[in-house]
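You will see two complexes here that share subunit A, one where it goes with subunit B and one where it goes with subunit C.
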Partner chain A sequence: MIETATQGVISGVMMGAIYALIALGLSIVFGVMNVTNFAHGEFVMLSMYLSYVVGTALAWDAVVTPVITVPLLFFFGIITYHLLLHRTLRQMYVVQLAVTVGLQILMRSAALIVWNAQPRALQYSFIQGNFEIGGFTILTSRLVAAVVSLLFIGGIAYFLNKTWAGKAMRAASDDFDAASLMGVNYKRTYALTFGIGSALTAVAGGLLMSFQQTDPVGGIRFGLLSWCVLALAGLGSIPGLVVAGIIVGVAEALTVSFFDPRSRLLAVYAIFILVLWLRPRGLFGRR
Partner chain B sequence: MNAKTLTSRRNLFLLGGVLLAALIPLALGKNQYAMVLVTTVLLYAVLATAWNIIGGMAGQLDLAAAAYLGLGAFTTGTLLMRWNITPWLGMIVGGITAAGLAFLIGFPLFGFKIKELWYALSSSALVEVMRVLFLMWDQVGGPTEQYLPAGLSAWYSLRFNNYVPYYYIMLVILIAVLILTTRIRYSKLGYSLLALGEDEDAVEVLGVNSQAAKLKALMIYAFISGVVGGVYACLYGYLHPSFFSTSMSMEVAILGIVGGMGITYGPALAAIVMVSFREFLRANLGGGMEGLYLVVYAVILIVVALYQPRGIAPLLERGIKYIKTYFGELRHGRPADAESR
Partner chain C sequence: MQRKVYQLFLMLIVAAMVLGACTPTPATPAAKKLPAEIVVGVVQPLTGSFAVFGNEGKIGAELAVKHINEAGGIKSMGGLKLKLVVEDAGDNADSAKLATESMISKNHPVAILGLYISRFVMAASEVTDREKVILIADALVPQITQMGRQYLFRPGPNATNHGAMAYQFIKETAKAQNIEIGSLAILNEDSANGRANSLGATEQALIDKFPITTTLEYPYDITDATQIVQQLKQANPDVVIHTPYFNDAIVFGKAFKETGYYPKFIAGAGACGYVDPESIKALGDAAEGISMTFSYNPAKNTPQNKKFVEDYKALKGYIPTEGAGMNYYDAMVLYEALEYSGKNFPDDPLNPDNLRKSFLALDLKTGPAAETYPSPEIKFNALGDNQFPGVVVLQVQNGEPKVVYPPAEAEAQPVFPNPHYK
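And then the complex of A and B:
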């Protein structure tokens, strides 16, 4: 009983770090640009497929593929911003929704055309395997993925706090007009923000591909999951995002081990709904 | 209502449209594939028109159409399979069940003042929750498909061997829902909804209970979707948790937005144009490229949303106005002068 619970918590914490990484991309886009990107899950799906393509074409390990997929996704994000999202910034909120939902359908059906409906997976990664600590099994792939995720989250936190571009992004998120007056080119800043947001999904995509497969409709799960993490964390706190990701990961893992593997999503949505009702600002939100 | 308003040009147009729609099966009757398509078009038209009440008028972006539709379908189908209760009754029960679910969801959501993005997300999550719940609920079929029995007679169990009756059932529902939304639009509820879609706090100050108004709108929409779900189950002849589809729900919302939020006939118009076009693409581009029609469809959605954010209904009205003034100038001078003379 207690062993199963501890085991669940251990694997949940490790998955939670990856969830936090996925949600971080969404969080900075939503926080800085106030754009609600319904296609975020599809960005993760696209990243996973690109990792698959790079991994099979060059016979690389999944964990190394972000070296190529991160720049690809970064440019994809910037192009998407200039083509679509830039035009929705001053529009009604529903227009944004319609455009990003359109993007979601577009990416999902494009993936269906290119890679067909069957799930794709890469060869066993070199981080596959497990080891034991005090009677508990730890999957090496999850551990490496969690550590890499935390490193990237730390890197983004450093970027936002210490560099000029990061400060510009935070300024634009706090007060758009004041930031413009202080010489922040909001168009470039927003493009950079969206580029980084989608580049982060490429990192997550590579890590996920090391132990999991991908299919064209799998995006929606990551999308709703990252909105759930974001709702739980609230805006503006990166440590909060990590904690929220871990809460979601642990809740998911415990449902799987104690209840029914099919119901893993239910726990996530239950948390989501409860947070919306009881604390709409999130646990650590500034606003 | 006097004779003049009854025979006004607008009503004649509507009557003509209904007659035209009623005659379609005579033209296509033999072609079963085409009949499924036009029935699907009507189905989306009903869902999008009903969505307009909560989405267009009240401004709550609901993405849970398929949750209510699926619940209605499962209620109707299970009643028929277990207790041999006719779907005519079953679809009403399905609608009431769906409205009950809407109450359970809407009461706390609106009570806690959850709106905009967070309302959209939680309604989208509702569809997934329903899908997972029905996948795990083995008593109503779980992950296996449940086929509806043909039963005693085609009329009793609503299982016809061609699609023409379904088409007419859908058409009747569409007309009823269109009349209903027009009535709501110009009722106290409609004005409250439109106002709170603009500014909720101001409406509260004026003494409108916005929670109750939104809840009413949500329940009416859920009831209609549930009834449609009952017909949906009989039309396809089986039950499966894949009825709880997030993409279908999003499509309904998009048709409502593209049609023009709050314009009564807009969503139905959008459904007729867009769904026909989608099915046309599916039939002509289908081939080896599964999914290509959806790419084209998505691009059109994005373009309409970007360049015609108020929807296609205002575009149509502007077109008609332009044609009117263009030919109005057949007589010299301004049309207004000519008429007053």
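And then the complex of A and C:
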């Protein structure tokens, strides 16, 4: 019983770190631009497919593919911002919603056309395998993915706190008009924000492809999961996002171990609803 | 007086009988004019998450129609050719039903092939029965033929047959190779298909009083199966009978590989995942040694099947998959029914009731359908199910799917236990 629980917590913590990385992109975009990107999960799906394409074409390991997919997703994010989202910023909220939902459907349909609904996976990764500590199994791929996720989350925290561009993003997040008056170019800042948000999905996509497969309709899973993590963490707290990701990961793992694998999402959404009900700002939200 | 009245009455009766005999009897209805070609519909999920199966099924039906037309069409109807029209069933039961309505109203087919997903068949068969169009379904859930549909036929085996075959394969192969197996875990995705497969395996195990130590269900869109595999590891059964859908087979294959846990054998049931080309490509070495039940035998050594396999390979680069094979023999069963109807109901062979009678009258032991079907005979019962359902077992050996069971149909010996088992 205790062994199963400990094993579940170990697995959950590692998956939770990856969930936090996925949710970070969504959190930045939502926090800075006040844009609810319903297509965020599809960005993860696209990243995973690109990771597959790069990995297959160049015979690269999935974890190395972000070297190429991160710049690709960064520019894809910037183009998406300029072509679609920029035009919605001063519009009613429902316009943003329609545009991002439309983008979600567009990306899913495009993936269906290009990859024919067939799930794609890379066969091998040098981080596949496992080792044991104190009788508990540690999956190497999850451990590496968790460590890399935490490193990237730390890097983004540093960027937001210590660099001019990061401070500009935070300023725009706090008060858009005041930041504009202080010389922050909001267009450039927003484009950079959306680009970074997209690029983070490329990192997550590469890590996920080292042990998972992707399919055209799989984006929705990551999209909803990101929203749960974000709702739990609240806006503006990166450590909060990590803790929220871990809570979701552990809840999932323990539900599978002790209850029923089918109730995995039930646990996640129960947390989501509870948080929205009891603490709409999230556990660590600044606003 | 009374006698005269009686004579008059008798004369009237005789006169009425004579007049009646002279009156021309109504002519037998004139033979219905046949159309220029026989339209056959294919409704398959061509987009959405089931598109892999639907597209393969479509190719199977197209090749069958090509072969039928090349061989002279429906000879009992003067060599009438078949024309295939295709409609996308989409990715849910409502869209499948709408697609069936659209297919019938636009094209008026004599029969529809496909739908693949059982809930799609359940929804679409409501329309085909109402419109009196024959539906030849390639779905596995047993209940689809238990809804009282009159115009629905399923030549292929059902999911329970698949589950039973997976169990039988393990039991007999272990016995033949003198390998002891003492416990079984049953694992399935939680749709009706997954459950029906597991039910088939469970029933057989219960008959044998074989210990089932673990039963687990999971959602088919699962993304990480390591926790479930860890649970299996703790239960440590000798054999796992697993019914995946498609994506989840890849998820589990990777989880088995990554955790390093392999029971003595992993036997798939339900024809989805593990042994199809895409799964083998995605799993690589992790798929090695895993078996899967199939409703179609690509290794069947008959001229018609060889022709189909050759043409399919030329088109796709690999042997026909389950969906392609089923739709090929389904179309061939339709061909046999049309031939029968042409011979036995020459006045109106395409009438849906005559076609239905033809399906029910079929008893196929030879011919193109029997040559591509995995059992020696096709004969429908009143429900529309084949009374002689055939299932074979394929196993991944050196990266290729090989038919390994039943022994009479096998092209290779089963590798038992799993090569990864320690």
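The criterion applied here is as follows: the second predicted complex is superposed on the first by the 287 of 287 C-alpha atoms of A that agree within 3 Å, B and C clash if a C-alpha of one lies under 4 Å from a C-alpha of the other, contacts with A are read in each partner's own complex, and residues count from 1 in each chain.
Basically, a residue touches a chain if its C-beta (ideal position, glycine included) is under 8 Å from a C-beta of that chain, and two chains touch if they have at least 3 such contacts.
Just so it is clear, the structure is predicted and the values come from calculations on it, not from any experiment.
Novice: If subunit A is used to align the two complexes, do subunit B and subunit C fit next to each other or clash?
Specialist: Here the two partners, once superposed via subunit A, clash with each other.
Novice: Contacts for A:G129 in the overlay, against subunit B (first) and subunit C (second): which applies, first, second, both or neither?
Specialist: The answer is second: A:G129 touches subunit C but not subunit B.
Novice: For A:P119, decide between first (touching subunit B), second (touching subunit C), both and neither.
Specialist: In the superposition, A:P119 contacts subunit C only.
Novice: After superposition on the shared chain, which partner residues are touched by A:R262: those of subunit B (first), subunit C (second), both, or neither?
Specialist: Both subunit B and subunit C are touched by A:R262.
Novice: A:V94 in the overlay: touching subunit B, subunit C, both, or neither? Say first, second, both or neither.
Specialist: Only subunit B is touched by A:V94; subunit C is not.
Novice: Using the superposition on chain A described above, determine whether A:S141 touches subunit B (first), subunit C (second), both, or neither.
Specialist: Touch status of A:S141: second partner only.
Novice: Quick check on the superposed pair: does A:M1 touch subunit B, subunit C, both, or neither? Answer first, second, both or neither.
Specialist: neither
Novice: Identify the partner contact of A:L181: answer first if only subunit B is touched, second if only subunit C is, both if each is, neither if none is.
Specialist: Once the two structures are laid over each other on A, A:L181 reaches no partner at all.
Novice: Touch test for A:D215: subunit B only (first), subunit C only (second), both, or neither?
Specialist: The second partner, subunit C, only.
Novice: Across the two complexes, find the residues of subunit A that touch subunit B and also touch subunit C.
Specialist: Shared contact residues on subunit A (touching subunit B in one complex, subunit C in the other): 112, 116-117, 216, 260, 262, 265.
Novice: Help me check something: in the complex, which residues belonging to subunit B touch subunit A?
Specialist: Against subunit A, the touching part of subunit B is residues 61, 108-109, 112, 114, 116-118, 120-122, 124-125, 128-129, 132-133, 135-136, 246-247, 250, 253-254, 257-258, 261, 289-292, 294-295, 297-299, 301-302, 304-306, 309.
Novice: Where on subunit A is subunit B touching in the complex?
Specialist: Residues of subunit A touching subunit B: 36, 84, 87-88, 91-95, 97-99, 101-106, 108-110, 112-113, 116-117, 216, 220, 224, 227-228, 231, 260, 262-263, 265-266, 269, 272-273, 276-277, 280.
Novice: Spell out the part of subunit A that touches subunit C in their complex, as residue ranges.
Specialist: Answer in residue numbers: 4, 7-8, 11, 15, 112, 116-121, 123-124, 128-130, 137, 139, 141-142, 211-213, 215-218, 221, 253, 256-257, 260-262, 264-265.
Novice: List the residues on subunit C that touch subunit A in their complex, please.
Specialist: Going by the criterion above, the answer is residues 47-52, 55, 190, 216-219, 221-224, 226-228, 230-231, 234, 246-247, 250-251, 254, 257-260, 278, 281-286.
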